[in-house]
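Look for chain A in each of the two complexes below; its partner is chain B in the first and chain C in the second.
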Partner chain A sequence: MPVILITDALIFLLIAVGIVFGLYAARHEHLRGPWRQVGRSPVAVAALVVMLFYVGIGVLDSLHFHPRIEPLAEVGSPAATVNEADAVTGPDGKTTPDEQGTDASGSQRSAEQAQEITQAKDTISAAEPGASAPTYSTQIISVLDLLLSGLRERQEKTFSAPFATHLFVKEAIEQPDGSVVRAYPRLEHGGAHLEDPSQRSFDLLFRGLFGAIKGLMVWTAIMAGLIALLGWRRRQSFNDTATALWRGETAVPWRVVLITLAIMLVLSFTAAELGAKYHILGTDKVGEDVFYQSLKSIRTGLVIGTLTTLVMLPAAILLGIMAGYLGGRTDDVIQYLYTTLNSIPGVLLIAAAILMLQVYMTNNADQFESLVERADLRLLFLCIILGVTSWTGLCRLLRGESLKLREVDYVQAARALGVRHSTVIARHILPNVLHIVMITVVLDFSGLVLAEAVLSYVNIGVDPTMNSWGNMINSARLELARDPIVWWSLAAAFLFMFTLVLAANLLADVVRDAFDPRLRSAS
Partner chain B sequence: MTAYILRRLLYAIPILIGVNLITFTLFFVVNSPDDMARMQLGDKRVTQEAIDTWKAEHGYDRPLLYNADAPRLQRLTDTIFFEKSLKLFAFDFGRSDSGRDIGYDIRQRMWPSLAIALPTLLVGLAIAISYALMIVFFRATYIDFGSVVLLVAMMSISGLFYIIGGQFLIGKLFHLVPISGYDTGLEALKFLILPVVVGVAAGIGSSTRLYRTFFLEEINRDYVRTARAKGLRERVVLFRHVLRNALIPILTGVVAVLPLLFMGALIIESFFGVPGLGSYTIDAINRQDFSIVRAMVFLGSVLYILGLILTDISYTLVDPRVRLS
Partner chain C sequence: MRDALLQVSNLTAELGGDERPVRVCDGVGFAIRRGETMALLGESGCGKSMTALALMRLLPLGGRIVSGSVQLAGRELLTLTEREMRTVRGGGMGMIFQEPQTSLNPVLRVGDQIAEAVRLHGRLPRRRVTERVVELLRAVGIPDPARRASEYPHQLSGGMKQRVMIAMALAGDPQLLIADEPTTALDVTIQAQVLQLLKGLQRETGMAVLLITHDLGVVAETADRLAVMYAGQIVEQASVDAFFAQPAHPYSRKLLESVPSAGKRRGELAVIPGRVPPLDQAFEGCRFADRCPFVMETCRSGRIEWYQPNTEQWVRCLLWADPRSRFLPDEPGASPAAVGSDQVSEDARTDADALLVIEGLKVHFPIQKGLFRRTVGHVKAVDGVDLHIKPGQTLALVGESGCGKTTVGKGILQLEPPTGGQVRYTGVDLTRIAARQMRPYRKDLQIIFQDPFASMNPRMLVGDIVGEGMQSLGIERGRVPRRRRVAELLEQVGIGAQAMDRYPHEFSGGQRQRICIARALAVEPKVIVCDEPTSALDVSVQAQILNLLKRLQQELGLSYLFITHDISVVSYLAQEVAVMYLGRVVEQGTAAEVLDDPRHPYTKALLSAVPSMDKAGRREIIRLEGDMPSPSAPPVGCHFHPRCPEALPECRQAYPASVPITETHRAHCIRVDDQR
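This part shows the complex of A and B:
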């Protein structure tokens, strides 16, 4: 049963706006030209490919639903022993989607219940499948959770290093002869398929290679498709197109695109292959897979980076243009408004607003159906507050630009001909400031992603139950005091964040160079 | 000049009133003092009596805007708005929720904040300007390209990483300086090194890149071409002509943040255990001490507006073409 959280709805709105704007830009040369220039920059296309992977994961993580639960039988089949139940929930990785959904719903409950459900499912599927109306779990999961249900379920007891086969902390283990030794116990899931842990490096190599080859195969298929498509469009033979492409003779640097794509595909397939048997980035304090957390955090980062801009854009554009174009009293009021908001230190304004939200939420806890919805609302609220603190910059830029545009001949002519203000703004001013809006949107993105981490560190960021890089860093920094240190949570969060922000920064540079007329004339 | 400064200061008043109204709305109207008391006392089933005692202890037991029970003028002064918000204008911050004098705390904690923020700013400025100048000297070569890539990469790293990494590398691995803490007098020096180094490293990427664009903007100007045509060496052109003119936007940018240095660096201070205003704010946020947060919001706004005024004044000082109006 699908669920649409508020941020999900806004993400889809954002995608729709993006598509509409893309269509609009494609038909207007002054916007299409710079974007074409962006598309011809090798750095920009490489960054775009990387960001596409992130966005893909983010979108998958935005499709939420209540998983279906098979109805529980009155009495569990006595034949279904614990071992059998384990075999069903075990780290198979290739179970059918339906089974995965059921398993996923069970994992959050206690282990006993999960077994009960599995047992019940066994009996029902044996007797009469789908007899009664389907019931839905109250839990909300996303399509990404479904795809990664293997990663999500394989919880260990506590910390374990990346690719480890043993737990990170010593435990009392009972030996077969009855004596108790303190040693590192084997992990329940990580590398559990190995009879002898010393074979690990060979196994890792083998599986890694296998994953890489799978990735390369998919890549080859995509490459062949791309070359065929390009060849068909340019009416060239397949071989000619391939040669041109690999010599870098195409206008769009497809060679760079393909190389980046190859790296990303090989990395993700290797990670998927290894992730099925190991914790490739280790586990955290409660034994949750860090790789899973990092992937789940992508959505949070993207939402903060994009929705904040979406929230602030209408106000910034409207007020900025009005202040610059109308001038006079309107200008004074709007200037006063943004100077006032700007003079409050951003972090403190966010802190004050989030503290107030917390007070509201503790006192009205019954209004929220589930933790996910509560966290989601807080995320949205954070976006709004970040938007309130960051719209002033764009507003000032737009005011200055419209102030200039107001005096331009064609605007004066339009006014003289009796065109209404609203029409002048829509037809003449707005299209001429769109490039500023676009540059700001792209430039702000990376800063917002980084800001999320800092805010979460101060506990005024996203909800503590929500997966985010800031929360990962926040919970991991205390473990640095351990000896030997637990570094993988931090490293994973920083690595994922760095890749996204670097790609965004590189893209922003190219976009700004392409759209900024001043720079264009200088070079 | 004096008249201009006076006018600017007068103009700051409505802005501060606006700030005050916003914070008042946020803290008292969105959630009533009752809600706040309930939150502080921690339980949903707190008795009304307990709430009333808490409110009386912390001075929240008055009406918000208008006290109908009080005699004459006190109808307006014996209210939360007057006591908690208007008194901020006289820099009377009152007492924190834990009963300490906020004004005293701020005066005490200002200096450690400054001791970190000022060296960070100066060292960062020196490094960023010289590095940017070097990049511009080698412009359109591989040094330029490589440096820009390096700077973008440095910008893309989270500030938290610099802090955690710096603490681990310098403090733990090499045991050069203490990891965190603070001391008075000259002893403070060894505690200051690490935060300053981390602060400089975290800021170098964006500032150097910004300064590089400033320099590049100047280098295409006519006067630079004239200087070269005169036969001046590139070194002289850069230092005597380009640097001097590019310093205008750099310095005015610095002047704008000067007053805010008192506020301290939030994350760095709390991470390195420096008892400055930054860690004060963070602690207040974590303890949900609203009085302190309110005081800091007001202080921050005052300092920001001061920065704006200083920027305008410094513009006229370094660039005679700009006239005050």
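This part shows the complex of A and C:
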């Protein structure tokens, strides 16, 4: 049964807006030209391919549904989940957070997991009488979860290093002969298929190569399809197109696209192949796969980076243009509004808003059907509050530009022709400030992804149960203080965030160069 | 020439990539003697400025000199190292630029900037540097030079800044001064001051001047010899007297003919069809052949050599290949036929009732200060202007920049809300009615702007731009009839209907101005305010636009309020003239009365400052002291008295009333009667 969370709906809206804008831009040369220039930049297309992978994962993770509970598995599977969860939370399932000491988020998480387990138990008991009708779990999972169910379900006891076969901490193991030794126990899943752990390097090499070959095969298929399509459009033979493409003679640098695609595909398939048998980025404190967490965090990062913009854009555009174009009292009011808002420290405002929301959610827990919904609302709220604190910059830019445009001859001519103010704004001002909006949106994206990490780190970001790079870094704070050091959570979050932000920044640079009228006139 | 100071031969420079290099100057050769002024004349895009930059070896990035030689006082410049070249720049050759506003660093004191130039070209002790700066400022005619040296550029007026630039160029005692359109950005009275200054300096120091300009009047008044540039080539070289007596190249001749003047009122101005060809192609034969009325078979191939029609003239044109030819033949098929019966219609309309009456129009801009935006004063941009625009006639509003003439235009159209006075159109006072009631009158009053590049939304198609007014005023609501009407209009202004689906940036300046005219015409107006519609255009393109405006006036019976600073355009186009100074009209009358018999001292000075090609018709330049005062604090009494050469003590008492001279001619001056 599909579930559409609020952020999901907004993501679909954003995609729709993107498509509509794309169609609009395709018909207007002043927008199509710069985008074409972006498409011809090797750096930009490489960045776009990388970002497409991220967006793909994010979209898959936004298709939520209640999984169907199979009548057969009804008794076994959920119970197993419960048992497993019980095993994870263990004795502190019902304890107060204080016992956990400084690791507040960890405690919260286990407390909430415990809550979910109780809910799950309720569901089972509720589902049992009407077993004939299809029943759905109250749990909400996404398509990505389904695809990664292997990663999601293969939990260990606690920390394990990347590609490890043994746990990272010593445990008391009861030997068959009854004696107890403290040693590193074998992992339940990671490398469990190996009879002898010393074969690990050979196995890794073999599986890695196998994954890479699979990736290359998929890549070859895509390349052949692309060349055939290009050849058909250019009315050239397959061979000619292929030669032109590999010599870099095409207008769009398809060669760069294909090379980037090859790297990404080989990496993905290798990771998939290895991830089926190992924890390629290790496991965290409660034994969850870090690779899975990193992949789940992508959606959070993208949502923060894009929805915030969506939230702030209408206000910034409308108020900015109105202030600049209408002037007078309107200008004064809007200027005072954003000057006031700007002088409140952003973090303070965000902290206040998030803490208020948290109190509200605790007091009205019954309004939320599941933890996922709660976390989602908090994410949306974070987007809104980030938007409220960040629209002023764009608003100020737009006010300045409209102020200039108001005096430009063609606006004066339109007024002399009796064109209404609303029409002047829509027809003359807005299209001529759109490049500023575009540049700001792309530049803000990476800043917002990073802002999420910082806010989650100080505990006023997304919900602690939600996977996000900020939460991963936050939990890695204490792990780094351990001896021996647990570095992989931080490294994984860093790697994924870095790749996304780097790609976004590279793209932003090209977009800005393409749309900035001063740079365009210089060339 | 043996005694040449600067000898340029076969100079060829290119810009841009190797695949399609733009050959900005191609085989340019000329010589300048000591103490001589040589003018380089041509329209924009002909490579004048690039030639000057090539001489200084200051071509923009990607530019290179391909071949040729430049010798300054016998020293070859093109083989010098960059270090040696630096001593030549400033020391051997000084340069002044068109825009004094952007040539000075706004955060440094004027004196420091000149001192920098002084220090570069001679090791003077520190005390001597300051003295030298003051000396230079005095030499360029800046009053109170010691005080001015410690001021910042924004405290100086445009004319002052150009003087400072000249002072900087003089700091190294150059033998040759290259002046790149030195007065284009300045008003006529200031232009006259600067040109006089250049002449005086030349007399004193004996330096040579290379004057780059597009203004034939300036050339006629200041230069000794000239070279005409077309499409990167010099096509004619002559002494100024010989050139203005009989230009040898068809391009030169067309250029001269396209300058508007009172004598050409009856007919159309000569226009050159087409435009300057882009310079990124390989030329074969004469570059002007495609636009030339005398083009022959032989023009299209081979290299065109230099011919010498007389001792003082050289021309690159095959018409002179035959040594017997002495005169350029008359243009085939062209006759200066009168367009319509201008004179008759003028007389018939003189006593018609005014269509648009402006009485006591005031537009004041408040100066606000402090936290609560208290109004502490007003900039009186327009301060009581009376004008009458008659149907089918042109009223020219003349004045220097900053006198408020553009604001008058905007005030009439209610684009700037007037502070006081009346704008009566068919008996309705437009200043009293609400914005919504104004809409029906928008149809009748239209405006054309100065800058053809800024007056169209770059994001809209030409068809939509022209149709915008019809749509908003509900004249033609349907899409299909509107497009048909737009196509008609575009044909009418000579652009062609196929322009409808293109963007404004695909058109040249003159074509854009035509589209702007079509946009104004679309709502079938009665009065069009033309705000300097030709001042951003080259003279041959200006002629096309003026012809079009005149034709449209005759066909459609339009009235124009023609705002301009160009007296020659006024004398060609206008029936009546009003001269503005500091927000007020100082003299008003028919074109003949005001231009031939000016009574107000300001009008006299303004007219005398206009450079003229006609030597006999040249007046003694009345030099005005100082600059126009700020309209926020106009002088007490007559606004003009601090600069007036004829001022009396009474002028300080009160603003003079309007004194009638004839039935139509009036001036605001107490001395009008003295001269009668």
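Everything that follows uses one rule, which is that the second predicted complex is superposed on the first by the 461 of 523 C-alpha atoms of A that agree within 3 Å, B and C clash if a C-alpha of one lies under 4 Å from a C-alpha of the other, contacts with A are read in each partner's own complex, and residues count from 1 in each chain.
The definition used in the following text is that contacts are C-beta pairs under 8 Å (C-beta built on N, C-alpha and C of every residue); 3 or more make two chains touch, one makes a residue touch a chain.
These numbers were taken from a predicted model, which means no experiment stands behind them.
J.: Based on the superposed arrangement, let me know which partner A:His166 touches: chain B (first), chain C (second), both, or neither?
T.: neither
J.: Should A:Gln412 be classified as contacting the first partner (chain B), the second (chain C), both, or neither?
T.: second
J.: Please name the chain, chain B or chain C, that touches the greater number of residues in chain A.
T.: B
J.: If we overlay the two complexes on their shared chain A, which of chain B and chain C does A:Lys214 touch? Say first, second, both or neither.
T.: In the superposition, A:Lys214 touches no partner, neither chain B nor chain C.
J.: If you lay the two complexes on top of each other, which residues of chain A touch chain B in one and chain C in the other?
T.: In chain A, nothing is touched by chain B and also by chain C.
J.: Can you list the chain C residues touching chain A in their complex?
T.: Interface residues on the chain C side: 410, 413, 415, 438-439, 442-443, 445-447, 449-451, 454-460, 465, 468-469, 472-473, 503, 516, 519, 523.
J.: Considering only the defined contacts, which chain B positions touch chain A in the complex?
T.: Counting only chain B, the residues touching chain A are 14-15, 18-19, 22-23, 26-27, 30-31, 35-36, 38-39, 44, 152-153, 155-161, 164, 168, 217, 220, 260, 263, 266-267, 270, 281-282, 285-286, 288, 290, 293-294, 296-297, 300-301, 304-305, 308.
J.: Across the complex, what residues on chain A touch chain B?
T.: 336, 339-345, 347-349, 351-353, 355-356, 358-360, 362-363, 365, 446, 450, 453-454, 457-460, 469, 473, 477, 480, 485, 490, 494, 497-498, 501-502, 504-506, 509, 522
J.: Help me check something: in the complex, which residues belonging to chain A touch chain C?
T.: Interface residues on chain A, with respect to chain C: 28-30, 408-410, 412-420, 423, 427-428, 431-432.
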